[in-house]
Amino acid sequence: MSHNTFGHLFRMTTWGESHGPALGCVVDGCPPGIPLEAAEIQAFLDKRRPGQSRFTTQRQEPDEVEILSGVFPDAEGRQVTTGTPISLMIRNVDQRSKDYGDISSKFRPGHADYTYWKKYGIRDFRGGGRSSARETAARVAAGAIARKVLAGVTIRGALVQMGNIKVDRSLWDWDTVNANPFFCPDAATAVHWAEYLDKVRKSGSSIGAVIEVIAEGVPAGWGAPIYGKLDQDIASAMMSINAVKGVEIGAGMDAAELTGEENADEIRIGRDGQPCFLSNHAGGILGGISTGQPIVCRFAVKPTSSILTPRKTIDLDGDETEVVTKGRHDPCVGIRAVPIGEAMLAVVLADHFLRHRAQIG
Amino acid sequence: MSHNTFGHLFRMTTWGESHGPALGCVVDGCPPGIPLEAAEIQAFLDKRRPGQSRFTTQRQEPDEVEILSGVFPDAEGRQVTTGTPISLMIRNVDQRSKDYGDISSKFRPGHADYTYWKKYGIRDFRGGGRSSARETAARVAAGAIARKVLAGVTIRGALVQMGNIKVDRSLWDWDTVNANPFFCPDAATAVHWAEYLDKVRKSGSSIGAVIEVIAEGVPAGWGAPIYGKLDQDIASAMMSINAVKGVEIGAGMDAAELTGEENADEIRIGRDGQPCFLSNHAGGILGGISTGQPIVCRFAVKPTSSILTPRKTIDLDGDETEVVTKGRHDPCVGIRAVPIGEAMLAVVLADHFLRHRAQIG
Amino acid sequence: MSHNTFGHLFRMTTWGESHGPALGCVVDGCPPGIPLEAAEIQAFLDKRRPGQSRFTTQRQEPDEVEILSGVFPDAEGRQVTTGTPISLMIRNVDQRSKDYGDISSKFRPGHADYTYWKKYGIRDFRGGGRSSARETAARVAAGAIARKVLAGVTIRGALVQMGNIKVDRSLWDWDTVNANPFFCPDAATAVHWAEYLDKVRKSGSSIGAVIEVIAEGVPAGWGAPIYGKLDQDIASAMMSINAVKGVEIGAGMDAAELTGEENADEIRIGRDGQPCFLSNHAGGILGGISTGQPIVCRFAVKPTSSILTPRKTIDLDGDETEVVTKGRHDPCVGIRAVPIGEAMLAVVLADHFLRHRAQIG
Amino acid sequence: MSHNTFGHLFRMTTWGESHGPALGCVVDGCPPGIPLEAAEIQAFLDKRRPGQSRFTTQRQEPDEVEILSGVFPDAEGRQVTTGTPISLMIRNVDQRSKDYGDISSKFRPGHADYTYWKKYGIRDFRGGGRSSARETAARVAAGAIARKVLAGVTIRGALVQMGNIKVDRSLWDWDTVNANPFFCPDAATAVHWAEYLDKVRKSGSSIGAVIEVIAEGVPAGWGAPIYGKLDQDIASAMMSINAVKGVEIGAGMDAAELTGEENADEIRIGRDGQPCFLSNHAGGILGGISTGQPIVCRFAVKPTSSILTPRKTIDLDGDETEVVTKGRHDPCVGIRAVPIGEAMLAVVLADHFLRHRAQIG
């Protein structure tokens, strides 16, 4: 992966700044003949869209997607993919540039302001420009197409930790995930989070989170050895999401505390005559290749650095100063990272599905 | 990254099986004019080499490296790189194939036996074949070259956790790292680990670990936005190492518990007139681009599944059975992962150093 | 190169069909700080634009380009590149779909209708869809940006052969190139071509051509050995243009008739104290690397297969039939290939300029 | 393609210098389960091997290939590919370094001496080092593997022009190709060439040539649009071969002289009920995708610049001088380019066969 393109056979190239005229992506490598309507993509964008509860930024970004290429009616008149690049565009509409005027000359700690400046010597400072999480709208759109490629695979995510409050896994219920503003899989924890996040929000602060994304229905044998490992590509995908600081597969960092006996997922033959594993510390991947079990990935998102407390920083002239980030920000950006994580997992799996079809290493 | 090649401008392609005649790599993109002797590469291979204490496998693998191309004497007669591909080869010598006879028809739980079989329909089962950690010798060799490219950058690693015993960071001493068989940065913990690992080893079991790798001297501005993020490539690199289940940058998974105030590393002007950060939760990377601070990465290695306790599994015929992995195995493969993690970080940084020189996005 | 992306460090990804809502490209890897206005890109699009004389198709395609991302005002208020992806979009406006109704079920010989059908099982048949030369508008736009990256390099092209009428090289005059509707470098030949092409056009036929593109100002040392050769990438670039059937560097196919004495361009020291070559059979490239001489490339474009004479073909049902291509077509598509060839050479050179800066192999 | 790697899914990475200890390649992406013996590769290397007649260099290069990885006995005991990288090595044995002593400080006109020096500042001057045609032995070896991947496809080549003497296509006979030292498909022309080349050889001169390579049995639908065109990749492959200055597909440069009526290959339904084309000006490729007809490619090879006549040049100090290339050189390097062209076509087709299996764009 490099620059602004992700993927090998199924690949997306994203473009656009937070406050430019538009943003979008080109999805290349999508097989032909797959029914695809803008509304199907829109459904996932709506899930990521801010302003849907008091717990996300109040910016209004309708995020309406246009399909500019790569689809055509088939013999039955359904709009299907043609195998050529699918260009998607989302116009930016709610650009209150005045909110950001102050940060044109100051580097916000924890944001990419300083590093973009050091790298490029110029930056579109409005809303973070290219480094803004606005870019992830394009990922979610591409992910919606990836899901269509992955017939038979179910990809779902949830927030599993906010600050130090973790969900109760014994109460996990996928239906609950879409029934609260946190993508929380456990109704009791959702109540605690609401209370907790209200405090964070009112104090002008922010908090980190952990997201878990799971893919079910991936058969054994997807992936590639050595430098095209499925878990490697998932790690790459998740770490490419803004604010992510850690990625785990299966047992994750806790694998350090396991013994060989505990960690080795034993294999039996199930009632259906198929191999089945007695546990899934591997997170569905061994040697970079899928085992047929659910693929389980987690990633930690740091708290946004856009907070109301003044922070020490420097300015373009190298003078010491302070900065406060006004504007309308997410007290817990991890919430909206759930559909983004799902999208990235879908993109990685679509890529490996195509590699699998090629039967290459 | 894909298949068996890692890197974009500085790239390594590895090849070879555990019990084949040899293994090696081709390092492509190394700039010309860099002095390079086989002995410099050998020094790092020796660090990874097993059989140096009772805490690693007793297999004897001299891992002697040959440089087959890409070097030539310069005007002063020193052997330097020519800018053409550097081919490195290590002959396999200690191949006790008989040790592995039993596993030709049984899938070892926790190993890649089952998934390679499902993907390829054929596998070199001797010692894990291509999925063996033998492949990492090639990485360490390539990493030694990457270090030469990275003048001014210091890359060091240490084991920071074995089982649930973590090092005492207040006692961290880089000199200690090379003075014990664990790459442990704290002498007191090294003593505890010795005692603990002896028990693990004698019981025929194994244990996981966490490795921390740090790069100092990387200036601000290396990295690329969006899908070529420095931390993304590091996550990809570390997750490509055998047995790794989690990767962290800076605060890592713990970032979930931080508030925005805690997480935003404030910036001041140091005594040298240069920007300096008051903390490094970012692990030296913001928006995928280096800040100039130390780059800090951790990864968790699961315990090897090669243990003496019988484990339930199935065989090639789909029948249920048990398997015991005899042979000579590492009770804590995390130890030897230290030089491998260093090598991978060096390879990623060499790649981004070249991208930086190209001044591209 | 693969799919719809061309380039390694400087890369363009194009998208869009002939009769879809729009087409465009994403230019990734453009260095920051380069002044860039839409008008500069437009100038090159206008050169390629049809309907400017009776010798090109009478379709009206204003080809107005929009810059959607990747630019921002610098400290002086000039719009410059930011180093992030530059997204360019051209709306399609003159889409007379009725002209193409007949070809929805018949394969036009010489066009990509049959092969797209065999590959994808579905195709946007309107105007050739993705296989239409409309796609080259995106290339020309990307090429305009590539030229800005290549300060000091002059890239110019001319039509040097139409049918069997070749230009008189002794009369070559770059000023003449833009003073006739053929990009002909020799005024006398332009007159002959006008007469000749009128006949071709009136008979509803078409004719092939040869284009020559030259880059001056490329210093010695650009290029890469073996599989990243400068001439290899040029050949790839030119052969990727619709209807191209042959590519030559320097002496080209005629190199077969040269002796070693004739072919070896001798070297002297010029009046400026710099190495100079006494001839340029090499076309400015030796071993895949630039010599400092002008880079000279030629490519042959076949006649368009859209002609008024009925041609034997088959239809979707596999029945034999005939097809006539009505609509408004170029009697010599080679003419409009001149700015396209220039653009592709610019893109290749911009890519190698960046590789050169990285000082890689 | 870039650096020293060619291919997208089926990819080869070559390494090694003319006078280093060895050269070789890593073939990555080869599907598993394909029977492969070193002897099968050796057969093609022997075809390229010099010193087999008085018309090629008298250097003795046994070019014995070793398979170092990527193969394993299958259940029947046959050695088959495992899907992991296949590392091939050829030891260099006939390295008369003394022959090349004179050229360490002088740039041979027509060779890559000057440009490698300008690019790298250092070069292995012995026999051209990395720029030597020795590298093509690795290509031929990789091509032998590619052929095994391409069951049902026949790839054959011939020399069709030497100097200005072309073969008589009416006498074309594939059996004749292997019955003379020129890969000449027409016995009468082989006699003329023998006489002609003896003169060239005795005078210490050299001469150029044209090679034609044909693939039969490629079904319709292989290839990719826009920047992954089959003909584009073929052009790239052929132009990457040392000394190639022009590449043609089908009608090639002569397409410039064709009318639309002549050029459009008409389609009928054959006796077998399958589409058949009445001509093949397209060379088996339309819109970058195979038509099912034979794929026809030609390329021109310049005469070697290693000749006995002194040529004007400069030396490392920038002084004017002359150089004579002694040693044992091919009077017509085009002859040995025949198996190389075949190999490169095989590599391109194997790559596209895998892409085809993935059913991507």
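Going in written order, the chains are labelled A, B, C and D, and every chain counts its residues from 1.
Keep in mind that, in the parts below, a contact is a pair of C-beta atoms (placed from the backbone, for glycine too) under 8 Å apart; a residue touches a chain by one contact, two chains touch by 3 or more.
Since the structure is predicted, the reported quantities are computational estimates derived from the model, not experimental observations.
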item: Interface residue overlap between copies subunit B and subunit D, same or different (over half shared); value: same
item: Greatest separation from subunit D - chain, by CA centre; value: A
item: Chain centre separation in whole Å, for subunit B relative to subunit A (CA means); value: 27
item: Whole-Å gap between the CA centroids of subunit B and subunit D; value: 38
item: Chain centre separation (subunit B, subunit C; CA means) in Å; value: 45
item: Set of subunit C residues in contact with two or more other chains; value: 3-5, 14, 28-29, 32, 83-85, 119, 130, 225, 355, 360-361
item: Complex contact set, residues of subunit A against subunit D; value: 9-10, 28-32, 83-85, 225, 354-355, 357-361
item: Subunit C-facing residues of subunit A, complex; value: 3-5, 11, 13-17, 20-24, 26, 28-29, 32-33, 66, 68-70, 72, 74, 80, 82-87, 89, 119-124, 129-130
item: In the complex, subunit A residues that touch subunit B; value: 1-6, 8, 14, 107-112, 114-116, 118-119, 130-131, 135, 161-164, 200, 205-210, 220-229, 231-236, 238-240, 242, 245-269, 273, 275, 278, 281-283, 285-292, 298, 300-307, 309, 311-314, 318-320, 334, 355, 360-361
